[in-house]
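Per-chain numbering from 1; labels A, B, C and D assigned in written order.
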């Protein structure tokens, strides 16, 4: 994420608050995009490198809806989300489901193929340039909070993200639907034996996961720019969040996404020229210590 | 083996391989020798293919024979390329010395990263391989005073090979030099995969738990394969630097890691000759499709991967094998 | 029991899974050349016990000694180097490799040629001599070039034994070698057990009491992770508590 | 209601069951006996649809279910209590029960009546309860689906004698007020023979006895063989 120097105050306190704020916003986006990947990978054991495709599609869908129909951001978001959910559901039923139980290599190659095809199609339709999101005027400016200027849109982003995360939490932990998903992650055979149609459950979950990614992609368009190389460019971040957070969990990726969002923002502020090296070195060490992620078994 | 002629020992696969295939592989190598004479204009392209075949062959040792899927193989290729390039600019521009140094540097990087990464499996390994390559890419980007950063290393020139053959603009020296390296590497890899060591790698690929239970030090064995593969990838990188006199940041990129994997899979992994089939196919397709719009080429690659994984596991060579089996024993080639 | 020092021994061996004790204070000794069987009802912890002996699992407390040396802290591979061999309850082979290659891999590891990088495997005549000899012994010579996965299940079990023997073990742990073999073929296992080298100590786990009683010199009865009783087949057959356990008169007092 | 004809099944390349025939009328009762490792659990898994069926046919009610996925069989009324219990560790006791619910007379209240222990632990996760409680939970979960056939794979293992008594009573009660058919896999010969009037005995994947429990009790050779550890034919009482 790029942070312009001018956005930073001179004082340490301002810097800390700003880094925290930007880091949290960034982490939320990473979480929204990655959480579906964590759950579906845990459910199906499918190494899906192409999850970022759905985030990108969400971004393009929202941008197009807003630019073509003049729809407002908050009307475009759910529509984009829904469209991508359907795409995800259909892809799961038609293509992904054929590769369950195949080797890791096959799954890696298949999802690489999906990334490349999506990059090509997006480029053919929307061209090679990044698509800016036109924010409504009331979200464009800066807001003053405790004497620190912060972009208004990011507040909306954080609030919106937090609401979605709470809703997700409630669905996953408190409803029977969530309990069924958890049961299928725990023991697929037994889940089937008590009458759960795991195949359909997978498809629905996959669709929801891609819908969330679309939401993250659209909301975070000014953090992770919507361009054809999106799924390749940010793949490392999504995979890292899932690997560090642990498979099949919704809490692990939250911690991972927030930590990475904060750490990456802080590193880039303190040592802009070092880029992301530190964060990856840290991830490297962490995964050696806990190969199954922070919520996984050691 | 002593009663066979030297050429036969060098060229022929070990026992159990049919005469047709022996003849085929021999004519393949001989045909390659004739490229600069027959189609001189394509020599640089042919050189590029030879370098990529070597790179893909090094990956086959991991993906095909040991069952290690990595998304960061370019890290080792790039290490070789930058080592050769930087040495040439600063210390010595002898091609053989810099190539050896490139191999050694890549082997070292392979040893360090591999000894960490190979402790994990599955998703963690994939992510670590991505992260390691990403870090190297970033480091090379930042250290622009040494690496040229985004602009790459320009104007790297090398002294004549063995003090005699100059790297001229026609690219003949470069081509024969690369081809000789590839040939040597091919013989080495073939030897290795048919040795007890190579068999044990296949045992690890098939069932690592069982290998452990017959007393195999799996970690050490996999690490050895990883370092060997790294050295060969480093050699390919060094050749790239020497024969194109340029090192791009792209030589460390995720894209290159993906490309080489696709090349290998297209030909067929775990078959030694997969790289030889996959690389030319890939590069021809690229030439054909990328002309108009890079998007076409992405689409082409994506479709290749989809079709390969869904319908043609085993790549082109696997397909040929199956066709031959279906057509019965009589079908030649 | 003969007077020699035990080749394999455990002292106060314990293993917990969470708070559940699956192996409790097991003191066990196996002597060179001995034929021993471990029996016990389902869930008695027999496979856990074998895994503790082979090094696949680490004990929660206690010791494992192999040839008089403590090997508690050593992993599977190192114990195999010191003379341990085992087969698996669920067949575990190299499915896409030929029968001969399966056995060769084990011979190569054992004879230290598996690090040979530059000599073709096919030229290792001595090792292949051993491979063929082993295949002859277990009756698989006729299918040497067949892929392991294409063998009928019963013959896969024989291949398991050949692979284990290739390691020239001093102690051989056989985890249900007859499981999944049709009754009509199970005598083959017994025949092979009879032809095992006499100096190897063999520990057999199986549910087939015919097999156990015909094979074993001594039988150890494991109940809820602990040794309930140990003795000759005749003693075990006559033991009232053993019979109760198998009759199911819910006598768990022994544990 | 359940009929197996010439069922040969196993896992992957492994064949465990060979040519098994059995049939069970609605509301019927069947005990499955056999020494360890002869394929009793595999038989249960085959009926549930978790093995590879190589030959033969499985009929449930009037339909053949051989090709049906496991979840359909469950919805048709086959309840399953696996030997390994397999409660879902990340679900609470209550969730374990609720996700299995299908309409019928078995409700969560009735399950809690049957196993008051579970009621007290309703908020605990599946792994935070004792082995015996896990067993109860597994049984309760199967009942929540209101099955017409219940497969019990060694359900008494790990339960205190008092609970075993309770359970047996509960099973009898279940049978009286409905036509729930039961298949009980047991290691404990006497327990099984006392419980069920008909029995089959498996040996190495084949049915070696099928019929009256009384007839089996009087078959000295088979009983001795079955009891096994007593040693060959010496196990007569």
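Basically, a contact is a pair of C-beta atoms (placed from the backbone, for glycine too) under 8 Å apart; a residue touches a chain by one contact, two chains touch by 3 or more.
Treat the numbers as computed from the prediction; the structure is a model and nothing was measured.
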item	value
Longest centre-to-centre distance from chain A, chain (CA-based)	C
Chain pair with the greatest number of C-beta contact pairs	A-B
Between chain C and chain D, centroid-to-centroid distance (C-alpha), Å	31
Distance between chain centroids, defined by C-alpha means - chain B, chain D (Å)	56
Euclidean distance of C-alpha centroids - chain A vs chain B, Å	34
CA centroid of chain B to CA centroid of chain C, Å	43
Pairs of chains found to touch, sorted by chain label	A-B, A-D, B-C, C-D
Chain B to chain C touching residues, read off their complex	1, 14-16, 191-192, 194-200, 202-203, 206-207, 209-218, 221
Residues on chain A engaged by chain D in the complex (per definition of touch)	176, 179-180, 182-183, 185-187, 189-199
Contact footprint of chain C on chain D as seen in their complex	10, 13-16, 18, 35-38, 83, 131, 154, 157, 161, 164, 186-191, 203-206, 227-232, 234-235
For the chain D and chain A complex, residues of the former touching the latter	48-50, 69-71, 74-75, 80, 82, 86, 88-91, 95-96, 98-100, 102, 141-142, 145
Footprint of chain B on chain A - complex, ascending	41, 47, 95, 98-99, 102, 104-106, 108-110, 112-121, 123-124, 228, 232, 235-236, 239-240, 242-243, 247, 273-277, 280-281, 283-284, 287-288, 291-293
